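Labels A, B, C, D, E and F are assigned to the chains in the order they are written; within every chain, residues are numbered from 1.
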Amino acid sequence: MKTVYITRRETFNAAHKLYREDWSDEKNLEVFGKCSNKNWHGHNFAIYVTVKGVPNPETGFVINLKDLSDIINDEVIEPLDHKNLNLDVLFLKGIMASTENIAVQVWDRIKTPIEKAGGVLSKIKLVETENNFVEYYGGE
Amino acid sequence: MKTVYITRRETFNAAHKLYREDWSDEKNLEVFGKCSNKNWHGHNFAIYVTVKGVPNPETGFVINLKDLSDIINDEVIEPLDHKNLNLDVLFLKGIMASTENIAVQVWDRIKTPIEKAGGVLSKIKLVETENNFVEYYGGE
Amino acid sequence: MKTVYITRRETFNAAHKLYREDWSDEKNLEVFGKCSNKNWHGHNFAIYVTVKGVPNPETGFVINLKDLSDIINDEVIEPLDHKNLNLDVLFLKGIMASTENIAVQVWDRIKTPIEKAGGVLSKIKLVETENNFVEYYGGE
Amino acid sequence: MKTVYITRRETFNAAHKLYREDWSDEKNLEVFGKCSNKNWHGHNFAIYVTVKGVPNPETGFVINLKDLSDIINDEVIEPLDHKNLNLDVLFLKGIMASTENIAVQVWDRIKTPIEKAGGVLSKIKLVETENNFVEYYGGE
Amino acid sequence: MKTVYITRRETFNAAHKLYREDWSDEKNLEVFGKCSNKNWHGHNFAIYVTVKGVPNPETGFVINLKDLSDIINDEVIEPLDHKNLNLDVLFLKGIMASTENIAVQVWDRIKTPIEKAGGVLSKIKLVETENNFVEYYGGE
Amino acid sequence: MKTVYITRRETFNAAHKLYREDWSDEKNLEVFGKCSNKNWHGHNFAIYVTVKGVPNPETGFVINLKDLSDIINDEVIEPLDHKNLNLDVLFLKGIMASTENIAVQVWDRIKTPIEKAGGVLSKIKLVETENNFVEYYGGE
């Protein structure tokens, strides 16, 4: 029984800001720096979703990448692409739109659909810039 | 007299939208697609500025890259990074914030400072995503 | 009148070989090296299509990237993606499937559709590997 | 005793298809999509081989990268580069040429040679496109 | 309690050689190959520092990337950038300047400052070329 | 007669410094910044050599990439890779080792060999870092 990990990348472009209404502008600037700009800024995000499993003897697939891509597009790209992460996204409402928090929320959205497609979600990598990214393994 | 072209890359992250107030939402959506989202979206932009000239016999430099980097940072990165290109940028006011138009405006801002530093601006390349970029040579 | 150049990247994965039936295997190997393997090899190709024009004053667009992307997908990606460039592609029949020749043929296919969409085709860049690519400007 | 992980990348270009002779064309298309094209397609593959170990006190090396590169070239690049993965490769005969299965087979080929060179194989990453890759840690 | 891993990339350009004074030139060449050139060679290094932790409920941050970037710049980039790794760097004196050894030394320098900033150092990835990199997890 | 441009990338890793012996250390630091470090620094250089021509009707080649690669390796990579550009390279002796100057010297070395192989040298692009590169078209 040979476990293999397969990863699919998808991309989305979105606006966000890091800003707490219950803090003064000064404190927001001190903690969040330029990311606290009230009028938003944005990024080209890339998300890498890793699924683990034993390759199916007939197909050689851990999961059909068509299915994995469909799940990511339905659950992540469609709701986030060309959106404002603070304003437009139901599952991010009331949550500080840090890369860390987005990754955690995405995990919760795609875990079950991936299981229904026969895979086990292993990791999410969310890349904000060429210099910054987060990885999430379900919290362990 | 050997002309060489030297290029410096700098990056900025910004929000924008493509939306005309004098058009209906339907027409905005039809023409600008997802880029017309009222609540903005954003990108990691990369700007490549190319300067041409004959290398200085003493330094081997067409232009000192420290000077070129300073000009790009003062004139482009400082005003655009972590900003909303439609709302926050004086030199883009009243201009549709397409990649094409931003490149043209940036050219006009940095041409003279580069000449004062002894170089000749040859090209601006403005990259919006891994799939889209524009190049501008001063309009010729 | 400010001419700007805008580029769209699309990708396709294809098999091909460089092999002349009218040559011996030895000569094929001598000229084409490993690329002459009778059973094919393949690449992840990336095509960059550059269109030039003056940005439309209302939209800021040289050409609507949606239109440009549709043209490239209809004329290039659909016929070439996951295909055998020697066997499966009508417009490459009887042509040595070198990167140079593919770029020339692609130019002839997309020039008129781009003109109908209001742009002027300026350049095709066809990338075969991270180490090899060709550029074509219409033959000039 | 400080364990460090060192990785070497090598690349190869190959053709393959995902197609079962014991299935109808319709079922092949349904499961494998465009990858089932009978006339093959291809990719620029990149393989990353990770070896773990304690750096040798005299050389600072976990493994000499020259040795690691030689092993990968002898065992992987030579048999796979510019080849048809379904037809030309002895150690892939009778195996569905999915990225998952190739990674597993490569592991079995290079594990012992790496041990003879004094290292311990830790991971293989096989990249098929910028959007798809697999990782294999020996099956655990 | 959801552990997330966040990574910051920084870069530096440095010269080094792999050469033991207590070995003959022949043995140095045999073991270290071209890297033993007495007059040095160099690289564009990229360092990725990964910190793990539970996102702060107020900020959504595992660690403030400004703090992480400052630590890497103070402890790694400042002492290594545009330096000779064999001659100019106090904390590498007497150590073979292999990528493996540099990664281990960097770990020891930044572990405590990262803890003081509220994070836990999880991994260092040090990239020497597009084909070679090492990863270090503290020795486990 | 369709002119196509074909480009081959090769890489080398080298040490250099920007320093004039006839200047004080202060002036060297003022003009060349960190690049004036007496003990050298280094880079992963990438060189892109572009050759133009009409594809051969029999082969579809502007130039055989095997020949182009051999020329670049013999004339550029062999003398520069894992070398000190100020000390070890005959054709750079007495020349400030700026990227601009290296590109000009490389042009003069490979122009004739490329012509003998049936091509016309069109451009050299020499990349020093992800942020800095020069292009040279023979001086025009």
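Quick notes on this one:
Keep this in mind: contacts are C-beta pairs under 8 Å (C-beta built on N, C-alpha and C of every residue); 3 or more make two chains touch, one makes a residue touch a chain.
All values reported here derive from a predicted model rather than from experimental measurement.
When the contact pairs of A-E are matched by residue number across E-F, C-D or B-C, over half of them reappear in B-C. A comparison of the A-B and C-F interfaces places the larger number of contacting C-beta pairs at A-B. Mean C-alpha position of chain D lies 33 Å from that of chain F.
One simple way to say how far apart two chains are is to compare their mean CA positions; for chain B and chain D this gives 41 Å. Mean C-alpha positions place chain D and chain E at a centre distance of 28 Å.
Annotation for chain A: residues 130 touch two or more other chains. Those residues of chain C that touch chain D in the shared complex are 11, 13-16, 34-35, 37, 39-44, 81-84, 87-88, 129-130.
Note for the complex: chain F touches chain C at residues 1-10, 50, 55, 58-62, 64-66. Listed in rising order, the residues of chain C touching chain F in the complex are 18, 20, 31-33, 95-101, 103-104, 130-137, 139-140.
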